[in-house]
């Protein structure tokens, strides 16, 4: 597995060209072309139906584009799956197993030997590896944290997180943000879709604005100032 | 093309009438069965037409699946060529010749193999990409209709002649029933599937069905050797005049099937064109960008 | 290669563990199997002279009903919380998941058969007149035939409306030769009137052909949205 620390930071590692995704008559993505740099924290914003979830799912390889190309580390999403960590609003965990049992199973899918990594990751998200309570009985905050643990289990270079803080208590959310910031500083490339942009104030390197299936603006976030609001000019797709 | 259709339709109608006349008046009466046997001129051509339709569906489905990737498309072509060559040569090898069922000539097996390979390449040449799927749907629907005719005329024929509606061991009728079931389930899948990949799933099912049919045939064939059953439709050779009318009937049915397929094919292509146009429209909708304010933590999506 | 089998076994172990933990579904299925046998006993007179000739068919139809109930819940746990997405996003091969599910269903359905078969023997006073040992390959191959296609079509049905109806609708037509083989083979062994060899070969051929087809095409089905 490549060491994220040795990858040149700032070089583009994800390239999307003319990405179109249509569900019957509804066009979720209408020609998205963009490059995303390594080691940056991208916050994807926009109204409901803007295409944020579809974009993330396309990057993860869960939805096949109707047209267009996706290149992740020079490969298509399926080939790059070892380097991608995905998290969505559903927990992607088995309700009937404990957190540790879930991670032990997923570790096998990623060909990770031993269970020390699972323990390490569970502790990193602020949960107890010994907890035998099934995930179905977790609070939402705990569940999202465990889901994040599953996403980072195989130490992927790229994280795609769709609404990771949804219904999560403030304390858990802040801890998750702290963890993500640490991971980004260590060289990971992170994409977060969320309506709660305020949580990532001062953390996100870039804001990617989406509207009606296209990226309409990309603004710098590193100014660490308040998040911009107001009119946004259209950008050629 | 559009002008040809009404002309061909009229010609086909005339042909069908001619075949009808031949079947009911000109063809000689059967020595054993009397005039009841004349249903054969509907039953057998329907069966052959249905099998042809399903066979084309199978080829179209395989090509649809194979052609999605360049590597599999090439592999499939080589496999077809290999099977064609083997099928053309093998029946003449003495050991294989012995295994052939009675009445099957090596030359007919060889010709069939070559025709199958030729059909594969012809279909691949004239139908590309989505057209293969449209062809698959068309032939499946038309095939089911003709297959239904076979399953209805079979018992109607059997009852007065042999006294039974159905013989479970009748290999041809039962294989036809299974084929009908498979393709009805194929059409149901197409109707009920919500997936964006419905076409691929349906093609997969068609492949499964095609793999199943020889197994059905052999399973019933062996069942019959242990439990002899009446054979609906009779075996043995046929009076050449009857054979002549039978082939004539089949030609008329084929023309009719061709017209129906053509019509259905055009209809489906038009429907898809409309869908694509609507989809393209939604893609090119002019964007009006309202001012985007970053929403505060609103919580749940 | 090694990781393929390790993933298959890990998935199978996980499924067995989960099934064992909430025995509700399992118990319900066992009870359902019992009910099916009882219904058959009431519908087809066990004392009739010809009962030995039809029991082969009754047994396998009963197994088929039980199998459909088991197959319909194959992917139930993966659908909750969209766990299937987690599998699709990982580099794990789709076939490893398929084999694990098929093997799990095989074990489950065999368990149901192991319950139902003795009941049939008891209610119908069955004595096996032919070579009894041949019932084992017939049962194993026949069960695998139902389960391998059933698991595959269960995955296909995931993206359809009326999911529980689609599974038997797709499965039954394709399974007909296998059912014929199972029933005729079992009947031959019970009555001892004819040899069952051909049916065993038929079932073996069926299993080989369709296992190959399922393994070749499962990835396509799994990645369908």
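Labels for the chains are A, B and C, by order of writing; each one numbers its residues from 1.
To be clear about the criterion, a contact is a pair of C-beta atoms (placed from the backbone, for glycine too) under 8 Å apart; a residue touches a chain by one contact, two chains touch by 3 or more.
Values in this document were obtained by computation on a predicted structure and should not be read as measured data.
**Student:** Which two chains have the most C-beta pairs in contact?
**Tutor:** More C-beta pairs are in contact between B-C than between any other chains.
**Student:** Report the chain ID whose CA centroid sits closest to the centroid of the full protein CA set.
**Tutor:** C
**Student:** Using the average of all C-alpha atoms in each chain as its centre, how far is it in Å between chain A and chain C?
**Tutor:** 40
**Student:** Counting in whole Å, what is the centre-to-centre distance of chain A and chain B, each centre being its mean C-alpha position?
**Tutor:** That pair's centroid distance is 48 Å.
**Student:** Just curious, how far off is chain C from chain B if you go by their C-alpha centres, in Å?
**Tutor:** 30
**Student:** Please set out, as single numbers or ranges, the residues of chain A touching at least two other chains.
**Tutor:** Answer for chain A, listing residues that touch two or more other chains: 64.
**Student:** Send over the residues of chain B in touch with two or more other chains.
**Tutor:** Residues 196 of chain B touch two or more partner chains.
**Student:** What are the residue numbers in chain C that touch two or more other chains?
**Tutor:** 223, 225
**Student:** Once bound in the complex, which stretches of chain C touch chain B?
**Tutor:** For chain C paired with chain B, touching residues are 149, 156, 159-162, 166, 169-170, 172-174, 176-178, 180-181, 184, 188, 194, 198-199, 202, 205-206, 209-210, 213, 217, 220-221, 223-225.
**Student:** Name, in rising order, each residue of chain B that touches chain C in their complex.
**Tutor:** Within the complex, chain B touches chain C at residues 65, 178, 181-182, 184-185, 188-189, 192-198, 200-201, 204-205, 207-209, 211-212, 215-216, 218-220, 222-223, 226.
**Student:** Quick check: in the complex, which residue numbers of chain B touch chain A?
**Tutor:** 196, 275, 278-279, 282-285, 287, 289, 291-301
**Student:** Using the touch definition from the top, list the residues of chain A that touch chain B in their complex.
**Tutor:** Those in contact with chain B are residues 20, 22-27, 30-31, 45-48, 64, 89, 163, 166-167, 195-199, 209, 211-212, 214, 216, 227-234.
**Student:** Mind listing the chain A positions that touch chain C in their complex?
**Tutor:** It comes out as residues 60-64, 81-82, 84, 86, 88, 90-97, 101, 105-106, 108-111, 150.
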